[in-house]
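Dumping the structure here so I can ask a few things about it.
In order of appearance the chains are A, B, C and D, and numbering begins at 1 in each one.
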Amino acid sequence: MSRVLKVGISLSLAATFLAGTQAGAQLADKKVLTLAAAKKMAAAAEAEAAKNNWRVVIAIVDDGGHLLYLQRTDETQIGSIDIAVGKAQTSVALKRPTKAVEDIIANGRNAFLGVKGVTPLQGGLPVMVDNKLVGAIGVSGVTSQQDEQIAKAGLEALVR
Amino acid sequence: MSRVLKVGISLSLAATFLAGTQAGAQLADKKVLTLAAAKKMAAAAEAEAAKNNWRVVIAIVDDGGHLLYLQRTDETQIGSIDIAVGKAQTSVALKRPTKAVEDIIANGRNAFLGVKGVTPLQGGLPVMVDNKLVGAIGVSGVTSQQDEQIAKAGLEALVR
Amino acid sequence: MSRVLKVGISLSLAATFLAGTQAGAQLADKKVLTLAAAKKMAAAAEAEAAKNNWRVVIAIVDDGGHLLYLQRTDETQIGSIDIAVGKAQTSVALKRPTKAVEDIIANGRNAFLGVKGVTPLQGGLPVMVDNKLVGAIGVSGVTSQQDEQIAKAGLEALVR
Amino acid sequence: MSRVLKVGISLSLAATFLAGTQAGAQLADKKVLTLAAAKKMAAAAEAEAAKNNWRVVIAIVDDGGHLLYLQRTDETQIGSIDIAVGKAQTSVALKRPTKAVEDIIANGRNAFLGVKGVTPLQGGLPVMVDNKLVGAIGVSGVTSQQDEQIAKAGLEALVR
């Protein structure tokens, strides 16, 4: 990869691109989930769901929790849209499967329900590459265990 | 960098780390803004503001729009907190200086005011490296032109 | 189409399935956008965008404004996610292209900006079948005219 | 401290500055957390975290619950941003360590989860000077006990 980086103020301002090897030294590298990878994950998750005749929403987000891909099987309950997205975003926000969050509460720490923006239901899994978070997949529509089974099928497709 | 990647379900689930050269092929690379870089940017921005006796909030976010660093000079108006963060997040969301958004509206496209989550005031600048977005800096407290002048000083520190 | 309908209250209530030729007589029919149709629309829209090297979010919603499908091209600005979904939902909410809403404001009726939940930017198109609304497609990432061009390509795929 | 106070209504009203020995007599004094103090606290908290290789968000707010300073260690889960800020704001709002709030719930008063704007997790500590609240520090990223340990290190730096 090129060692010459450009740091700049872009678009509407006159382009003030600053070349800088130094900038690189202050930045870290990371892997990014692509749409192609997300589609591959979704196809595998969809196949797992279809095999069982399960209707679900499958949501895949990047490492900032922003949607990269979403699909909803016909006749899936619409409440599952926000839940699937919420599970994926929770997996990103807390860097762990949402089951871990559900377990915290199941084990008696109700205080965790006071944390806003968290969907504490099993069925969301982070996508970790080289121990770094690159995104997450969240599924909703059947039981939470089944949701996670589908999400796991999606995750595993990434390395096939 | 190692060509052997690991994709896995982490933490509370039994570690199911999957090794996979293939996974790498489906992912892209990018640079990440570090806290050290953010502090360097903030120090330069703060110096520019102090030189002029300007009181401001300086906010630096990552490429997902999530706060990495924020500081507020003593006696800065508290409304500037959300504005500075909003400018930084808008620069990330729309990959451009917030002045470009302010100009769209100034040029008569009031409809853009209907877009939620946008802070359309000059003073936010994206941080672009190799033409890719890695984050943004937003400043608020003085005039919008001065806010941007401070943000620009912060941005330029990244390559010194 | 089958004349035998089933209306049921499921889940927590004991299943009270009403077999219902009678019920059928009291209900209307509607066409429903399927995931397969949404994927076909998205593929055509994606092809139109790719042909021009445009990076966009493509969102397709049902007649309730609920997401059926979403995809985001690599490196598309994240602000386009909410905008694309918002355009599709606005097209459903007001049963018209979002350009019509943008025109209302452009023609001086700023009051329309006070309507909650409206994204008044060109690039959203309703999907009408037999003069009835079945959903909408919203696109964001390039100029609003280009966004609509992509949405239109998606819409046209539905009749091929 | 100067006995000469100035109270003013500025900006859009014509400046009506009241020179004010009289006004002073009717007002109370209080200590105010400065950015310099906040940075000192954050540095001590960061040192405590770094010593243990813990990745955290450190947030410091004033007595109005408004952010004065925030920093996020590289690769800290992004969900910790809102949690750290929420802990600091809860400590200000209720003038107590957030552990006290978590204990209320742990002791069975789940109703407290219905209080809006409260983050009831250990790791937030109020900054009290002469028995008066001047702000708070909130930490999130590791276990809640560890979060509080870091916050405590920050708090103690204020008196050294």
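One rule holds in what follows: contacts are C-beta pairs under 8 Å (C-beta built on N, C-alpha and C of every residue); 3 or more make two chains touch, one makes a residue touch a chain.
Just so we're clear, the structure is a prediction, and the values are computed from it rather than from any experiment.
Under the contact definition stated at the top, the chains bordering both chain B and chain D are A.
Note on chain placement: the centre of chain A and the centre of chain C lie 23 Å apart, centres being C-alpha means. Note: centroid distance chain A to chain D, computed from Cα atoms, is 32 Å.
Each chain gets a centre from the mean of its Cα atoms; for chain C and chain D, those two points are 45 Å apart.
Residues of chain A in contact with at least two other chains: 28, 32, 34, 64-66, 95. Listed by chain label, the pairs that touch are A-B, A-C, A-D, B-C, B-D. Here chain A touches chain D in the complex through residues 28, 64-65, 90, 92-95, 108-118, 132-133, going by the rule given at the top. Within the complex formed with chain A, the chain B residues making contact are 1-2, 5-13, 17-20, 22-24, 26-34, 36-37, 40, 62-66, 95-97, 99-100, 103, 125-131, 134, 152, 155-156, 158-160.
Taken in their complex, chain D has these residues touching chain A: 74-75, 77-79, 82-83, 86, 101-102, 105-106, 110, 112-113, 118-121. Residues of chain A that touch chain C in their complex: 32, 34-35, 38-39, 64, 66-74, 78, 81.
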